[in-house]
Amino acid sequence: MPAAAPLRILLTGFEPFERDPVNPSWEVARALDGSSCDGATLHAVQLPCVFGPAIERLDEALVQWQPQLVLALGLAGGRSEVSLERVAINVIDARIADNAGQQPIDAPVIHGAPAAYFSTLPIKAIMRDLRAAGLPGAVSNTAGTFVCNQVFYALMHRLASEPAWSQTRGGFIHLPYLPEQAARLPGAPSMALATQVQALQVAMRTALSVRVDVRESAGQLH
Amino acid sequence: MPAAAPLRILLTGFEPFERDPVNPSWEVARALDGSSCDGATLHAVQLPCVFGPAIERLDEALVQWQPQLVLALGLAGGRSEVSLERVAINVIDARIADNAGQQPIDAPVIHGAPAAYFSTLPIKAIMRDLRAAGLPGAVSNTAGTFVCNQVFYALMHRLASEPAWSQTRGGFIHLPYLPEQAARLPGAPSMALATQVQALQVAMRTALSVRVDVRESAGQLH
Amino acid sequence: MPAAAPLRILLTGFEPFERDPVNPSWEVARALDGSSCDGATLHAVQLPCVFGPAIERLDEALVQWQPQLVLALGLAGGRSEVSLERVAINVIDARIADNAGQQPIDAPVIHGAPAAYFSTLPIKAIMRDLRAAGLPGAVSNTAGTFVCNQVFYALMHRLASEPAWSQTRGGFIHLPYLPEQAARLPGAPSMALATQVQALQVAMRTALSVRVDVRESAGQLH
Amino acid sequence: MPAAAPLRILLTGFEPFERDPVNPSWEVARALDGSSCDGATLHAVQLPCVFGPAIERLDEALVQWQPQLVLALGLAGGRSEVSLERVAINVIDARIADNAGQQPIDAPVIHGAPAAYFSTLPIKAIMRDLRAAGLPGAVSNTAGTFVCNQVFYALMHRLASEPAWSQTRGGFIHLPYLPEQAARLPGAPSMALATQVQALQVAMRTALSVRVDVRESAGQLH
């Protein structure tokens, strides 16, 4: 891809699920659609919360936008922070049914593919820059085993195995509930849409500028 | 007080404590200082996070502003929601030192006074209205045993025991961390300042309009 | 009561509720029934998990056993530790129905009675002795607003207002789930029955020997 | 290995770390050392909580005991349940220093090896059997990024890549604090040693008898 070509960032968000009227991952992606970040143009695409079709829609979007950077977003209800996912695993184990009523258990995302892929985003640098900007962010070591992890895994598998994507970096970011969701869920933490959008802007800027991630401790004892 | 007199609302917030540069309770009060709510004027006063002087400052503010409604605000770091405190207890048991280095243990707030006072705010109606507005709010059955509870108890004792305040309603509201605080505290929930300010506006409007609280379940099993 | 009279300790526990086949508060009380502690004999009584009848049964047991020490026990599902309750409040606000299907909201436990009573157990000394014995224990500032708090409040009201009980000390202790309960509730903390029983033995021994509670910080910021 | 050879189970536990005098993973392994389970003999080995030497000691134990089943145990302070780890990842990211003062960040466990390995224990069947026995157990999707994960990853790499171990199954189980540890950590959940030992006995029995894991939902949304 010639250096002069305009940079494109693909942001994916999910449609609502589990009877919720809204999903922050799509609200954030939609809010940023068409805007630009350090010379790159953002393209938001909504994925169905359905095993299979979610990946198909992701594949179409990759072909359509040929992005240099892909940030897949999802909701992590109950988490307080913007979660920078470290690893996608090759397993589906659905605790609830997806939006098409399927609930696969202990199936691989892709038969015969590796057990896991690591994010190629500079997650430590993003964590550092979020915190410096006063935005709560953390590295997470599990993206779960539902549709989010499936999309994350499929994305990383595409980027790792197809030469066309050898220059494209990608990863997955989990977002907290919006306040309007937490208002129906006593005790649940949330984050304002404006704060979430600001966090994504920081994440994209860092992802575009940092090629080699920093070494910053963000591990978990367990 | 003649009915024609302009209504005044006193909002108190605390100075920062425990090495934190900011305290959301003061940021919220300050943001609302001088504004009006349904015809009432808001007056914000900062309290020191010091046992004793906090109450003295509260007393001065009561005399100065002669409010019809008093909302004392404090930080509840680690809580996700706007907490409508139900009850103030007559005990001080400091887990950390206050800003003057004092750490009293198992002392009463006021010697010989009742064991507890209930808030005279319509906390159930406020909870209902916060949730209807998409803002996370909950009733809490403990305001702790630190300076927040001391101020809450002293306020309710004044309002209950002095005839001058027989028409004044009051209570205590605990607020979550701001995002910029949570950014330094991995895992901590937070709430944007704009969301917190909006919640206080709802709380004041409901407190001014609802005289007899609604019956809405907000109890805890323990 | 003559000093030579044998000491009696009343332990109350609740019947199961919310479709659970077991309640640790009764399992612990039952396990200790008839045993002795530093010369005192333990009498266990099961209370129904029903507003009203729970207090009636407590009153009968007080009259029957004329105890010098009363420990009322209850389940605090979700807590990790043995909770030494500091204060009982004069309010009922049921989040779920009791075992008779009643769900009162914002009713007083006793009309016209004080807002709250403090435990007369040496809760700080008990906390200290539990920890020294390697048993997880903590002071709690809320016993909730369900049947547990009702029994706690009614007990303290009896002990405080009736001369016959002027020498009797009492309080409430909340217990965690048993492992067999947590096995059906993913993520829930629990404590083995043997550990719970051991904790109660420590609590009773300390309650019998410590007349003036120690000053040990066990407060909460909120 | 001839079928008639006596079965051997290797249980590894860690020495204490982070200034704690005790580690439940070793207490459990030690309690079971030399006992037998369905005809198999248990051999307990203590691993140092040091990156590198922990694996060397594991390798020695594998050679010494030639086990058909390996359960590596570790402490997950703060978790309430026995955690059946699903996946080991090829990364070390130490939040604290190990017992030799090393704190590696973002290093692989084994250079050039796969991103992850899945446990070969029947974790769903073990979860089912634990719960049926009234013991709190759950599947976990992250074993962290500290020495526990390093040992888990190295174990699974050995079992997957060396023909000698083609018939040996293995995995990692995280254990909660013991009550005596939680007694020093207000709010922390714990589990009695007897309960933990009983859980391990169930886990081993199931691991020996179930060859093809059951399909039971134990996934996480995130």
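Per-chain numbering from 1; labels A, B, C and D assigned in written order.
The working rule: a residue touches a chain if its C-beta (ideal position, glycine included) is under 8 Å from a C-beta of that chain, and two chains touch if they have at least 3 such contacts.
Small disclaimer: the values here were computed from a predicted structure and weren't measured.
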item	value
Chain-contact steps, minimal, separating chain C from chain A	2
Most distant chain from chain A, judged by the mean position of its C-alpha atoms	C
Length of the line joining the C-alpha centres of chain B and chain C, rounded to whole Å	30
For chain A paired with chain B, centre-to-centre distance based on mean C-alpha positions, whole Å	38
Where chain B and chain D are represented by their mean Cα positions, the distance between them in whole Å	48
Graph class of chain-chain contacts, one of line, ring, star, complete, other	ring
Complex contacts: residues of chain B adjacent to chain C	74-79, 83, 86-87, 89, 91-96, 103, 105-106, 114-118, 124, 139, 141-146, 148, 174, 213, 215-222
Partner chain A, residues of chain B touching it in the complex	80-81, 130-131, 133-138, 179-180, 182-184, 186-192, 194-195
